[in-house]
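Below are two complexes that have subunit A in common, paired first with subunit B and then with subunit C.
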Partner chain A sequence: MAEIQLVDVSFSYPGAAGATLEQLSLQVADGQAHALLGASGAGKTTLLNLLSGLLSPDQGRILFDGQDVSRLPGRERHVAQVFQFPVLYESMSVRANLQFPLTNARVDVDVARQRIDHVSAELGIESLLERRAGQLGLFEKQLVAVAKALVRPDVALVLLDEPLTAVEPKIKWQLRQVLRKAQADLGVTMIYVTHDQTEALTFADQVSILTAQGILQSGTPQQIYEAPAHEFVGHFVGSPGMNFVPAALFDQPQAERLGFRPEWAALVSPSAAALQGAVSRVRAQGSQGGEHVGLTTIVTQHGEVHVHGPLRFAVGHEVGIQVGRYVLFRAQQQIGTGRWHAE
Partner chain B sequence: MLQLHNVSLGGRHRFDHQFADGQIAVVLGSNRSGKTNLCRLIAGLDSAASGQVMLDGKSLDGLSPARRSVAMVYQAFVNYPNLTVAENIASPLVAAGTPKAVRKAQVAELARSLQLEDLLTRLPAELSGGQQQRLAIARALAKQARVILLDEPLVNLDFKLREALEVELRDLLVARQSTVIYTSSDPRDAFTLGDEVLLLEHGDKLQAGPPMQVYGQPRSLAAMHLLSDPGANQFMQGDQNLAVRPEHLHLQPLSTGAHAFTLHITAIETSGDESFVHGDVTAPVQASNWVMRMRGMTDLRTGGLVQIYARDEDLQRFACG
Partner chain C sequence: MLNKPYSNRAWLGVLPVVLVVAFSAVVPLITVVNYSVQDILDFNSRFFVGLEWYQQTLNDPRFIDAFLRQLGFSASVLLLEIPLGILVAKGIPRQSRMTPFLLVFLAVPLLIPWNVVGTIWQIFARADIGLLGVTLNAAGFAYNYTAEPLHAWLTLLAMDVWHWTSLVALLSFAGLTSIPQPYYQAAELDGASRWQIFRHVELPRLRGVLIIAVLLRLMDSFMIYTEPFVLTGGGPGNTTTFLSQHLATMAVGQFDLGPAAAFSVIYFLFILLFCWLFYTSVMVRDETP
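After this line comes the complex of A and B, so read on.
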């Protein structure tokens, strides 16, 4: 396993008007689970291809454990990749699928058997080893694809490209948990690329937010969620994203805008709050203590605001929005966080 | 009103169902639960499903898809590749012989509501995935069908785009006054979009009703599981099967008479908005693979023991077997 560094990496596709990646720097510690979170068009696939060696940077360096691999072909970098859809030899047994990369890497037969046993135990697929890959369900196939990536003893980096796309929402978390546990137990350096914030934040030790403007923030899931470095991060992470209103409303002269998460605010009577509006939409999501809870959308003078919590006000009601916790921004950059009330 | 009579989706029982006018019904089920077959049956396409489909009291049996007042949007984006965005939206209107002036106005209105107005002269291949799917939806709406079928239309879209489209889509669909059937495997869609939810499992109808009612009074453990993400937490007590939803487990007893459990934490996940605490219950009952769903971040740590509580009202009791 290796520590991965990108130093001022730039890349443009031939004939493209602008650079896809410009002066991008990224650091992933040895044995870290790192998620790259971005929308379509942010350059996620380009970055993956640079790491796997399918593309070479125009400028800058890619370092594995301090060694410059920018010009090395993919196979010499020892990078394994898991794709959106499982890539397996369907007519071969699961064991033969796992043996294949080991045979290619000329791994000793006994070592190979140990490796296969170890990794399949870690992923809970021992009982599938003698079955034909083509007979497996999608979830099991993707587990085998992960095993195939992890089985090589010399693998420096495992890249996961939206690996849960094909898995049903209800069992996504199971695969995520298995992945997470295997990653931690085996000490593998993993880079997980996704547009799905839930996947990124639940999977990773560190998350980087990738946009066409570069990486806007790298941090723990908690830092990304509670203290976004940039307004875009606040908007992009969270469902729905952060609310933004003029900071002047809350007497914060050093800031331009004040951001708050939908669950950091409560609905009160209009006279009791600096921010007011009319309820425009109510969406129940479940119940708490016998009361319906969910999302209330309020149209204020400063745009729509979403508040999560008990649904006590119907559409059309005038309400006040009492903000408990907040993040301050100037020129879209974060300049501080704070709270007014004990939660 | 759209009525299904004596329908079989390959499950154990045939069933009836009525879809009300002007309402959105979310058909919730996992892969191979019969969702797509149901849509195809209503649309008159080849389907493994069988049964009678009645619209406003008249049977649609034997009518070709083109002669049914039904529009369908598929998971994969389907548009006419050699027609522009404007021509794609107009195509059902052309087929229906709508006068040109009316056609133009309707295309403009649909393009505006689906945010395609700046793309009218492009070809589908020049659009992003989200734009292509919005175009497919616009074309389905242009048909002005009595019934609109949407078969997991947003499943291939980016997370943020999906979030925005879900809200817009509800407003657009409600405004049409058509009967809308929207299939999904994500319980959130039932709450975001549905006036009604119809739960399907292995081709059987488990339960139907307003989402919050089905959520509050599931008739079976299977129904409770299907409308829960992650699934419900189960345990046995005497000859009863009990279950509690992940969001109804708390770190404090919220009322007198709350049930206490000791949870051994095996994993913690967070999405920022929410945290999911996974573990096994060691007392007073033995139960494995529980999940507690909490708002925000948590200080709990993997490996620890924690006391958790469920209100008696939040426990669902089902007969065994």
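After this line comes the complex of A and C, so read on.
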């Protein structure tokens, strides 16, 4: 377990036109579950490979507990990784799989046995220990792969590369819970790479948003959601993302744009709001207190706006949009947040 | 499942294959079985002799010798070609501009007709004019494969290794390239040594292709005829006479059709038995947890 720091790390693939990662800095506290959220092509895999030691940074330093490991191979960094599909020694038993990294790390036999028992109890795989890894189902295999990553007592960092991709949606949630609990109980530093925001926001203590421009924001899931540091973050996180309209509409001269989440606004009569438009789509998402709620899409002269809440207006209706909470942006950077009245 | 349509018309689709297999394999095989239980003197006089030819063949010291030689040859060939083929496959770079050329180069021996391979080695190894034979003699080894049984054996083995290792190498290479990169990466992070990576990552994933390679080489080497026939003609003496050559001498040379047919059936059953033993033993291992 270690505190992980990336200091001004740059990397470009040989022969590539531009740098894949440029001047990237990141800090992950000891024992933290940290999610790296980014779209495809943002350099997530490259960053993982830099952390696991498969690649070395062109510039900058990677520090584990203050120690520079940038040039060390993966095995000397004590990093473990869980991949998109379960990677196991399929001809060995599950116990032998868990034993394998321990034996190579010269862990004492008794300590190793305790560790295997502890981790497999944590993940609920005790009954699988004597079975051959190749015979397990996909979900069980991935659990064993997680166990193998967690089993080393000296593991500094566990990397998870979209570990739920191969798992069917129904079980995803279950595996995420197990993973989250094991992480918290064992106090392992974890970096979880994903393009799925639900996964990132529900799994992690801290989330970093990675784009081709670098890390746009690091913060708790709540910070990321409620106070995005960059317009991209507001847009990327949330389903649908944040709405953006000119700040001038709301008398905010210091800002260029104003952003609000779909559930931070309410639909009122057109005369009562600064922003008006016609309802173009309505999507019901259930009911609350006897009233249908869902997502209403309104076409305004500043583009489409999504509002989440009671469905009181049909398609074609002229409505006003009353914004409760908001985030202000200038040159795409956040410059403040605020609220006008109760939502 | 009650409403499952039941129709026998699909059997019609199998009919062409049944006919082809019948005329190419089953009918000739039954003919051979028919010969093996009769003593044929000429077209008009033949006698039913039961299993006499089988008893005679199984008790024939020349058959037993040829059979033991055959076992020795097949075992040596497998022990040499399988590890060597894997080693060669490990040596082929995965993604290099040279890779396609290397693969084609490796495939060349597989494209040469068997009697040509025999002829190439027959000349190559000759002690008087062959490059290999002359070089060995010049280096101080009294090498002569036409006179020394050991030399004849080594030359035969070298020829077979030269001819067929490529097959194992190409199959293994295909197997190796199908291993996803994360397996190597995970092993690296687990602190696995190169041997452990080979033993626990590569070998289990090569299993399928290696089973195919062993089966192909086992059957082929057990039936080998042309190359030793051209290279040594079974000599010196009978020291490199394998089953197929012994059979050819009986059937074509001496025209002992009855015993030759019994021999053929025994020969066929042994090949079948070995392949079956090998295949079931690996498959049974697969199912045990």
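Just so it is clear, the second predicted complex is superposed on the first by the 341 of 343 C-alpha atoms of A that agree within 3 Å, B and C clash if a C-alpha of one lies under 4 Å from a C-alpha of the other, contacts with A are read in each partner's own complex, and residues count from 1 in each chain.
The rule we apply is simple: a residue touches a chain if its C-beta (ideal position, glycine included) is under 8 Å from a C-beta of that chain, and two chains touch if they have at least 3 such contacts.
Please read these numbers as outputs of a predicted model, since none were measured by experiment.
Trainee: Quick one: classify A:100 as touching subunit B (first), subunit C (second), both or neither.
Mentor: Once the two structures are laid over each other on A, A:100 reaches subunit C alone.
Trainee: Does the superposition put A:132 against subunit B (first), subunit C (second), both, or neither?
Mentor: second
Trainee: Once chain A of both complexes is superposed, is A:113 in touch with subunit B (first), subunit C (second), both, or neither?
Mentor: It touches nothing on subunit B or subunit C.
Trainee: In the superposed arrangement, does A:173 touch subunit B (first), subunit C (second), both or neither?
Mentor: Once the two structures are laid over each other on A, A:173 reaches subunit B alone.
Trainee: Is A:238 in contact with subunit B, with subunit C, with both, or with neither (first, second, both, neither)?
Mentor: In the superposed model, A:238 contacts subunit B only, not subunit C.
Trainee: Just checking: does A:312 make contact with subunit B only, subunit C only, both, or neither of them? Give me first, second, both or neither.
Mentor: In the superposition, A:312 touches no partner, neither subunit B nor subunit C.
Trainee: By the touch definition at the top of the document, which applies to A:91: first (subunit B), second (subunit C), both, or neither?
Mentor: In the superposed model, A:91 contacts subunit C only, not subunit B.
Trainee: Using the touch definition up top, name the residues of subunit C that touch subunit A in the complex.
Mentor: 180, 182-183, 185-186, 188-193, 196, 200-201, 204, 289
Trainee: So in the complex, which bits of subunit A are touching subunit B?
Mentor: Subunit A residues touching subunit B: 39-41, 168-170, 173, 176-177, 180-181, 195-198, 201-202, 221-222, 224-226, 236-241, 261-263, 281, 283-290, 292, 294, 308.
Trainee: Contact residues on subunit A for subunit C in the complex?
Mentor: 52-54, 73-75, 79-81, 83-85, 87, 89-92, 100-101, 104-105, 130-132, 134-135, 148
Trainee: For a test of understanding, state which residues of subunit B touch subunit A in their complex under the given definition.
Mentor: 30-31, 128-130, 158-161, 163, 167, 185-186, 188, 191-192, 211-212, 215-216, 229-231, 245, 247-248, 254-255, 267, 269-273, 276, 278, 295-297, 311, 313
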